[in-house]
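Each of the next two complexes has chain A plus one more chain, namely chain B in the first and chain C in the second.
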Partner chain A sequence: MKYQIRLSGSGGQGLILGSILLSEAASKEGKNVLQSQAYGPASRGGSSRADVIIADEEIYYPSAESLELLLCLTQEAADKYITLLKSDGILIFDSSNVKINPIKAETIAIPFTQIAIDKLKTSLVTNIIAIAFIATLTELISLKELKKAIKNNIKEKFIDLDIKAAELGVKLAKDYKNGKVIKT
Partner chain B sequence: MKYQIRLSGSGGQGLILGSILLSEAASKEGKNVLQSQAYGPASRGGSSRADVIIADEEIYYPSAESLELLLCLTQEAADKYITLLKSDGILIFDSSNVKINPIKAETIAIPFTQIAIDKLKTSLVTNIIAIAFIATLTELISLKELKKAIKNNIKEKFIDLDIKAAELGVKLAKDYKNGKVIKT
Partner chain C sequence: MSTDRYNMDRNKPILLQGNEAVALGALDAGLGFFGGYPITPSSEIAEILSNEMPKRGRKFIQMEDELASMASIIGASLVGKKAMTATSGPGFSLMQENIGFGMMTEVPCVVVNVQRGGPSTGLPTSPAQGDMMQARWGTHGDHPSITLYPDSVLECYELAIRAFNLAEKYRTPVFLLLDELIGHMREAVKLPPKDELKIINRVNPNVPPEWYKHFKNNPKYISPLASYGQGYRFHVTGLTHDEKGFPTNKQTEIQAKMDKLLKKITDNLDDLIQVEAFHMDDAEVAIFAAGVVARSAKEAVLRSRKKGKKVGLIRPLTIWPFPDKEVERMLESTKATIIAEMNQGQLINEVLRVTKYQKHAKYIELQRYDGSLITPEDILEKINEVL
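Then we have the complex of A and B:
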């Protein structure tokens, strides 16, 4: 098993933090994880991305860019990275901000930003809702380990809010799996 | 310019955090950075490592494992990674814990853990002293940007301590460059 996930969006959307939470939680589930991200002028102002590779065996290098799962929170990120998704992969995008032309891969539209604002009164937790959605959808990471990773990595004053966001993301993924239409 | 740094030691020594601080600060210095780390059972209990690649151009992949700079905080990490260092690279090791046989690369012995305990009463800031040492030694990152990265990423109650640790690491690097023998 080797599962390559890319979280993409713009700088400031907390995707690096999101990837660290996923990585730490996945490792506690007994998986090997290689996590990487680009920083710097080349990414500034434009699209930002953080990668998480989860595998049963030890991972030495990222393999060729061929993603099992791509999360896109902005149109620019979607336009930049969508061609890296495997044809049997999963595309998850924030339908509050992004429009996608039909592709062969499974395509999941969730209005993450709008849900964050409607349910938790802030778009700042969009990243946490999205990674909790991914954790549950892929069945790679439990809510229990995700909560622990949040407690380990988030500033104390935001922990309660982020745990609520994680619970919301898990619920959305369960609803999606059960065939419910997800609206804001 | 492409500069590959590996921070190695054991889990719990804060090397991932250290690599994130270096990466964020380097990007603010106008560099492109690719930062990566392994998590999971394969690294648990044994050696842990986090990589920072700093370059003028955008970095797409880690290149073959050939390091310009290797930091080793434990013997196990030194034994595991020392062969990856370029012959004209720099090895920095914690002489509180590690013994190194002579190698061709520039070899810098600093008793980071002992200095942390003697000067700041806790070994928990060994990682911060070491990354500040690297930042100044390589002249890639200023203390100013390192402090900003600490403020952005560290829990509030530890910020003052970590800034002192960074200042100490910078001083040690300046002393080293000026030819002073560094003892605890």
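Then we have the complex of A and C:
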């Protein structure tokens, strides 16, 4: 088993943090885990991507090559990485910001940014909603471990907000799995 | 954020960053002083140590620049502390003068260089392997170099400890070279229990202070090292000096000093050099790669083997002194060698030097210096040219 995830968007959206949380949670389950990233010299804006590779076997190449799952929070990221997605992979994109032409892979449109603003009054937690969605959808990572990772890595004053965001992501994924249409 | 992150249960895997593993390795090796100036992609090392050192009663100072950082660790080492700084290419350039001073005065210390694209400020967040030669010849004058090069998070931890051990054992600055990708990536690792670590400390003099010579020569070329404050008086200068540390112009003393610097390294190559041979036993084609490129190469080796192609990898963990004997021997019976580096060709010249009598083989360069990692596909393309 080798599962390659890429979180992509722009600098400041918290994708690297999101990848660390997913990886830390996954590392507790005894699998091999590798997290890596590429970003520009600016702390906000510009393109940013982070990879999480989870495998039974040894992971050598430290970057996702062909993706089981791709998350795109910006159009630029979607245009850049969509070709790396396996035909039986999963594309998840932020339909608040991104338009996708039909592709062979399973495509999931969720307005993450809009949902974050509507339900939690801030777009800052978009990343947490998205990774909780991914964790639940793929069943690779338990919500319990993800919550622990949030508590271990996030500043005290944001923990409650991020836990709420994670629970929201889990609910969205369950709704999606149950065939409910997600609206904002 | 959790405060006891580093008092973890070592029987369970923990997600660690490469830079974080360097900081932890240094702490476990007994780091007593860190002086540095933060720079991407090495900043996490300073950041973590600025938190962890004071908690343990050890000293962390953010210096005004890299010149002072290097000077500060030499000073700290001379008062008996294990000392380290961490930087990237631009800072490594600024440290070179004092690195030479540290070599001349035989002061144990560790300099970490998490490489980024260069020259100058170059590419702060992109990987490159452009500092191979800077780690060898960055400071002026004849001098040997000990440079270690990890390719995983666990190895960042192990080689950080080893860097201190070698610095203390051989009384010299030691370089720990990382790739940006190795420094920044995270892996789930299990660190070895602390009581299983092998820690080497400098040898103190066992003579009374009035007999002590700071640079006393002996058949091993390594002099016991007193610390300031222990009652020993000694002189330290960057000028070529005699055994007591005072400047000399005598030919015999100059030659003895220069031989001492060189031979304490060249007489101990078996102790210093580590090379990984990955599927090399029956390899017809070898890849030579270090650091993160070796990870791409391992992937390429495994994919080639699945297709029945006999490919292997030679990975130096010690790049300086260069593993002449080991590389020459491993390449005796290969048909071709692919030398993969993220630069315009630095270690390739070493491979060509040590294999100059092996005329039967092909040597193929694979170089990338566009800010991107060499991929397994890049390497497979080269393999397909010869197999």
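In this text, the second predicted complex is superposed on the first by the 176 of 184 C-alpha atoms of A that agree within 3 Å, B and C clash if a C-alpha of one lies under 4 Å from a C-alpha of the other, contacts with A are read in each partner's own complex, and residues count from 1 in each chain.
We adopt the following convention: a residue touches a chain if its C-beta (ideal position, glycine included) is under 8 Å from a C-beta of that chain, and two chains touch if they have at least 3 such contacts.
Here the structure is a predicted model, which means the values were calculated and not measured.
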Touched partner set for A:G40, first chain B, second chain C, both or neither: both
First, second, both or neither for A:K151, with chain B first and chain C second: second
Chain B and chain C footprints on chain A, overlapping residues: 20, 23-24, 26-27, 30-41, 59, 61-62, 155-156
Chain C residues touching chain A - in the complex, by the definition given at the top: 1-2, 5, 12-15, 40, 123-126, 181-182, 184-188, 292, 295-296, 298-299, 302, 373, 375-376
Chain C contact footprint on chain A (complex, rising order): 20, 23-24, 26-28, 30-41, 59-63, 65, 151-156
Of all residues in chain B, those that touch chain A in their complex: 16, 20, 23-24, 26-27, 30-44, 57-59, 61-62, 155-156
